[in-house]
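Next come two complexes, and both contain chain A; in the first it sits with chain B, in the second with chain C.
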Partner chain A sequence: MKMNKNQLYTVVALCAILLFIVIADNCFDAFTLRVFNLCAIYIILALSLNLLNGFTGLFSLGHAGFMAVGAYVCALLTMPPELKEMNYFLTPIVPILKNITLPFFPSLLIAGLASALVGLLIGAPVLRLKDDYLAIATLGFSEIIRVLITNAQPITNGAQGLKGLPRFSTTYTVWAVAGVVVLFMVLLMRSSYGRAMKAVRDDDLAAEAMGINVFKVKVTSFTVSSFWAGIGGALLGHMITTIDPKMFTFSLTYNIVLIVVLGGVGSITGSVLAAILVTVLMEALRFLDEPMNFLFIHTGGLPGLRMVVFSVLLMIVVIFRQKGIMGGKELSWASVAAFRERHSRKGRPQ
Partner chain B sequence: MTDIVLSTKGLSMRFGGLTAVSDLNISIGKNEIVGLIGPNGAGKTTAFNVITGMYRPSAGQVFYRDKDITGSKPHVITEKGIARTFQNIRLFRSMTVLENVLVGCNLSISSGLFSATLNLPAYRKKEAAAREFAMALLDKVGLTEAAGKEATSLPYGQQRRLEIVRALATHPALLLLDEPAAGMNPQESLELMAFIHTLRDEFDLTIFLIEHHMQVVMGVCDHMYVLDYGITIAHGDPASIQKDPKVIEAYLGVDDAGNK
Partner chain C sequence: MQVPAFEWIKNLMTFTLFLQHIVNALSLGSLYALLAIGYTMVYGILRLINFAHGDIFMIGAYVAFYGTALFVLPWWASLLISIVFTALFGIGLERVAYKPLRDSPRISIMISAIGASFLLENLAVLIFGGRPKGVEVPKVMGQVLNIGSVSFLGVSLFIPIITFGLFVLLMWIVNGTKTGIAMRAVSTDIETSRLMGIDVNRVVSFTFGLGSLLAAFGGIMWSYKYPQLNPLMGVMPGLKCFIAAVIGGIGNIGGAVLGGLLLGIIEIMIVAFFPTLSGYRDAFAFILLIIVLLVKPTGLLGKRQAEKV
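What follows is the complex of A and B.
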């Protein structure tokens, strides 16, 4: 088989990424590695939200809820009985759950499927709503899920959360899943399903007139998005090794919305780049939340200053570059070449 | 008697106090080209919207090949074989010309999510067939070169043709065209009508089309219905419509754009 130049570039780029992941896993210190792996998880989460917001045009704000479902289901399936006993010291765990222990990958898959099921059940009624109402309804449902988790003590251990989860989200695991999601999204968007989703986003009336079952397309997109959100949540839980209901508040959804908008709604490469950018910045700017001495200005620690910076960034994007970094387009070798062409020509006299 | 493809019985559509369509009774035979004319705001588009399931009628029924399709969802109606275009062009703006047509092919591609995403052989075959069909359709309207362009970047006239082609991609038996000649000069309009005529023959279609310039459709229609304020004021062949005093009165004082 003969490869063209771009395919060759792609193979080289993939090898470079792979090599980087191996180096990172072996050489990064624990903190840096954690940030690096968090990037992968945010890539998964951003792409799953972009499927809805960007590609199907459904503005959902319920991502944290689906992540919570995934995280809890996976944790409950992987934790050994002794660990469960240690965690549930206030209210004992229901006996059936106590003795189930599955390996990580089946648990992860079940977590995704459970989250998809919840997505399907929630999607069926709320996807009949129009845009703004959909955002509000999904936000509400995500809060309901959180309240349920907080109160279902015999199952979820309530507000105490679950501690000491096995650290299954290794570098290779999270990046492999991120790779699968990127590939999945690329393939999905190339298929007739991807076209149907984009058609619904562009003009749902015209899509319907083309014989597309708009409601079914929306439910499919919502369910698939929930599936990956559940997977992302599960990976996050097994990376931090502690989960509790407070982790899954709206601010988590907000972070993901931020990445999707920043990267460009409807751009896969945009989401990937923005996920990395935001995750790294989120850590790099952590000093902002701490007390600072800046010449004569002395701040006594402003928790949340970081988020102010991000919110301002978000506002700037919304005002000046609504389409985000990638402007709804994809990064490809052709676009890189075009970019270089433009910039090398600028220097030369005409 | 030809067999009846589309008919309505006492079809009415009210919006609050306004009756946009009132007691519409039409009957369209196979392979006919039928016109629906009338001044601005006569209720022509509303009639289309009710027939294609975009609105549920306030009263009356719609029959497609003797089956009651009243209140069916638009996508179900399209699946049954009725396709339409829109008065104010509604192309998918983020997509290329070819992709727009491929969306129309979606019905014939229908596959599982997995087989489509993983590009499995069963899906790949259907997708390839759809692409071939889409390109053949584009070729008919001289849009082969433009296949990779963004749909909304095309000049207006080509966008109209693309919309017709996109509707054809759903393999309809009945095609509803909402003012396909809007914005065209008389020469272009006549060319378009000739094109519609050839489409009918080539794809074995039945065509129901809206137009508010009576002259444009005179030559192409087998018979036509005239609406005014939602009421059917006349029905007949073009020659008799032209002479009908009620029609002349409805169109009296109507300017070139159809405004009263």
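What follows is the complex of A and C.
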């Protein structure tokens, strides 16, 4: 089999990433490993939101709702009956749910499908709306989902949430799923479905005139996006091992929007890079919230400073560099080569 | 003859209790209306959901709180100072966060608005602290009034009256003054009004100032009615009031007031008549929004707009 240079690079890079994941899993301490795995989950979530916001041009603010659906479905399917009994001490659980226990992977798949089904049901009416109306309606649905979860005590244990979920989200699991999502997105964008989505984003009237069923494309994109959001939410739940309705507020959606915008709306590699960057920074900047000794200035703990820094960062990106890191382009060997070419030429004496 | 529905209502509440709920609903609805006006004016002019509006409402309440608690000013003085400060703050926010993006895609401005909202919330956590603060309610507002057998707090009576006054004033500004004419012109067509010699930036600033002023007033009254402040207090009212503006027909000030009152009344009355649903209280507004968007997307008083190709 003959390979060209770029394919060889790709294989080498993939091996390097794989090796890094193996090393990380064996050598990192528990906290670092957790951050590392969180990166993978945010990659999944960012890509699923970018599919909507970036590639189909549907600005949705309802991601947290779909994640909640996925997280709860998966948790309820995987938790053993004894654990459920321990959690539901206020209101007993519905008997049918109590005795179901499935292995992790089928549960994860079912969680994704349940979330996709909710996405389909919500998307069919809501996708008739456009722009900011769509944003506010999806936000509304995600709030409704959260309120329903809070109030459906016998099913979800209400505001107490579920504690002690089995820690199924291992390094290999989350990174494997992240890899699948990246591959899925790359293949999708090369297929006719992906091109139809981009056509709808760029000009839905023209797309319709070309024979694309705009509504169907939008609903498909919305459903697929909620599927991955559900998977991401389930993985997140099984990593933190505790879920409650307060976790899935608008600020969770905001974090993902931040990643997508920072990475570049409509760029797969941008989302991946930004997901890693934001997750690592979020943890690395934790010192900002703690008391500081800076030369002669002594500050007490400043809880909230970290989030202020992030909000300012987003504002700066939106105002001064709307395109984000990648600006709708993809990182590829060709673009790296072009970048090096440009810089080496600049550096050469005239 | 016994009609089951009447029996059910009779068992649930007396007429006095019903009146009590009406007063409550009107004052909550008026607060919603005050905020909704700000949303609707900004949306009418810039086609922007000002996500930070709810946080401006929060800042208004906090400034008034510090005026009385820290600087020991009389409540009316800190109310005035807070209103002026918040209006200037709103104008400043527009300059920093929205003006550079005036010609960008609408989604960019919206992301900027969401960013601004989170920035203000986190700044509030940083500066004011995350712990809830108890508000000292002025005597006039906190006293219990009795009309017949109905008793309520002074603030519940005061809010609808002052809201009505502000609404009349606002209608005069929008319909009777030159600035108001400019505002309406800009909301119809920003380019043409620029050609007609209208200083668009000044009109936008004025709109933000006016909206923030009403939000500050609403925030302070809110803190008298529910005397506790926290940095996230503006989030839910903010979302609900945007919904109120959409229900009334966005861009229409009368519609915002109508939507706000409707939302307040529905919220209070559903909880009053179906106490088991009180946990779902925050969902009503969103359900109503989705129904309105699907049935009549332009809202109750909105004009129909043709889609341009």
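As a convention for this text, the second predicted complex is superposed on the first by the 343 of 350 C-alpha atoms of A that agree within 3 Å, B and C clash if a C-alpha of one lies under 4 Å from a C-alpha of the other, contacts with A are read in each partner's own complex, and residues count from 1 in each chain.
Throughout what follows, contacts are C-beta pairs under 8 Å (C-beta built on N, C-alpha and C of every residue); 3 or more make two chains touch, one makes a residue touch a chain.
Being a predicted model, the structure only gives us computed values, none of them experimental.
K.L.:
Comparing chain C with chain B, which touches more residues belonging to chain A?
P.N.:
C
K.L.:
Classify the contacts of A:N213 with the two partner chains as first (chain B alone), second (chain C alone), both, or neither.
P.N.:
first
K.L.:
Pick one for A:E85: touches chain B only (first), chain C only (second), both, or neither.
P.N.:
neither
K.L.:
After lining up the shared chain so the two structures overlap, which partner does A:S251 touch, if you call chain B first and chain C second: first, second, both or neither?
P.N.:
A:S251: touches chain C, not chain B.
K.L.:
When the two structures are overlaid on chain A, which partner does A:V224 contact: first (chain B), second (chain C), both, or neither?
P.N.:
The first partner, chain B, only.
K.L.:
Is A:L205 contacted by the first partner chain B, the second partner chain C, both or neither?
P.N.:
Touch partners of A:L205: chain B and chain C.
K.L.:
Could you say whether A:R195 touches chain B, chain C, both of them, or neither, answering first, second, both or neither?
P.N.:
A:R195: touches chain B, not chain C.
K.L.:
Of the residues on chain A, which ones does chain B touch that chain C also touches?
P.N.:
In chain A, residues 205 are touched by chain B and also by chain C.
K.L.:
Which stretch or stretches of chain C touch chain A in the complex?
P.N.:
47-49, 97, 100-101, 104, 106-108, 110-112, 114-116, 118-119, 122-123, 125-126, 130, 235, 239, 242-243, 246, 279-280, 282-283, 285-287, 289-290, 293-294, 297, 309
K.L.:
In the complex of these two chains, what residues of chain B are touching chain A?
P.N.:
52, 54, 73-75, 78-79, 83-84, 86, 90-95, 99, 102-107, 109-111, 113, 116-119, 123, 127, 130, 166-167, 169-170
K.L.:
Across the complex, what residues on chain A touch chain C?
P.N.:
53, 59, 125-126, 128-129, 131-133, 135-137, 139-141, 143-144, 147-148, 150-151, 205, 250-251, 254, 257, 261, 302-305, 307-308, 310-312, 314-315, 318-319, 322
K.L.:
Hey, which residues of chain A end up touching chain B in the complex?
P.N.:
Touching chain B: residues 184, 187-188, 190-193, 195-196, 198-199, 201-203, 205-214, 220, 224, 266, 328 of chain A.
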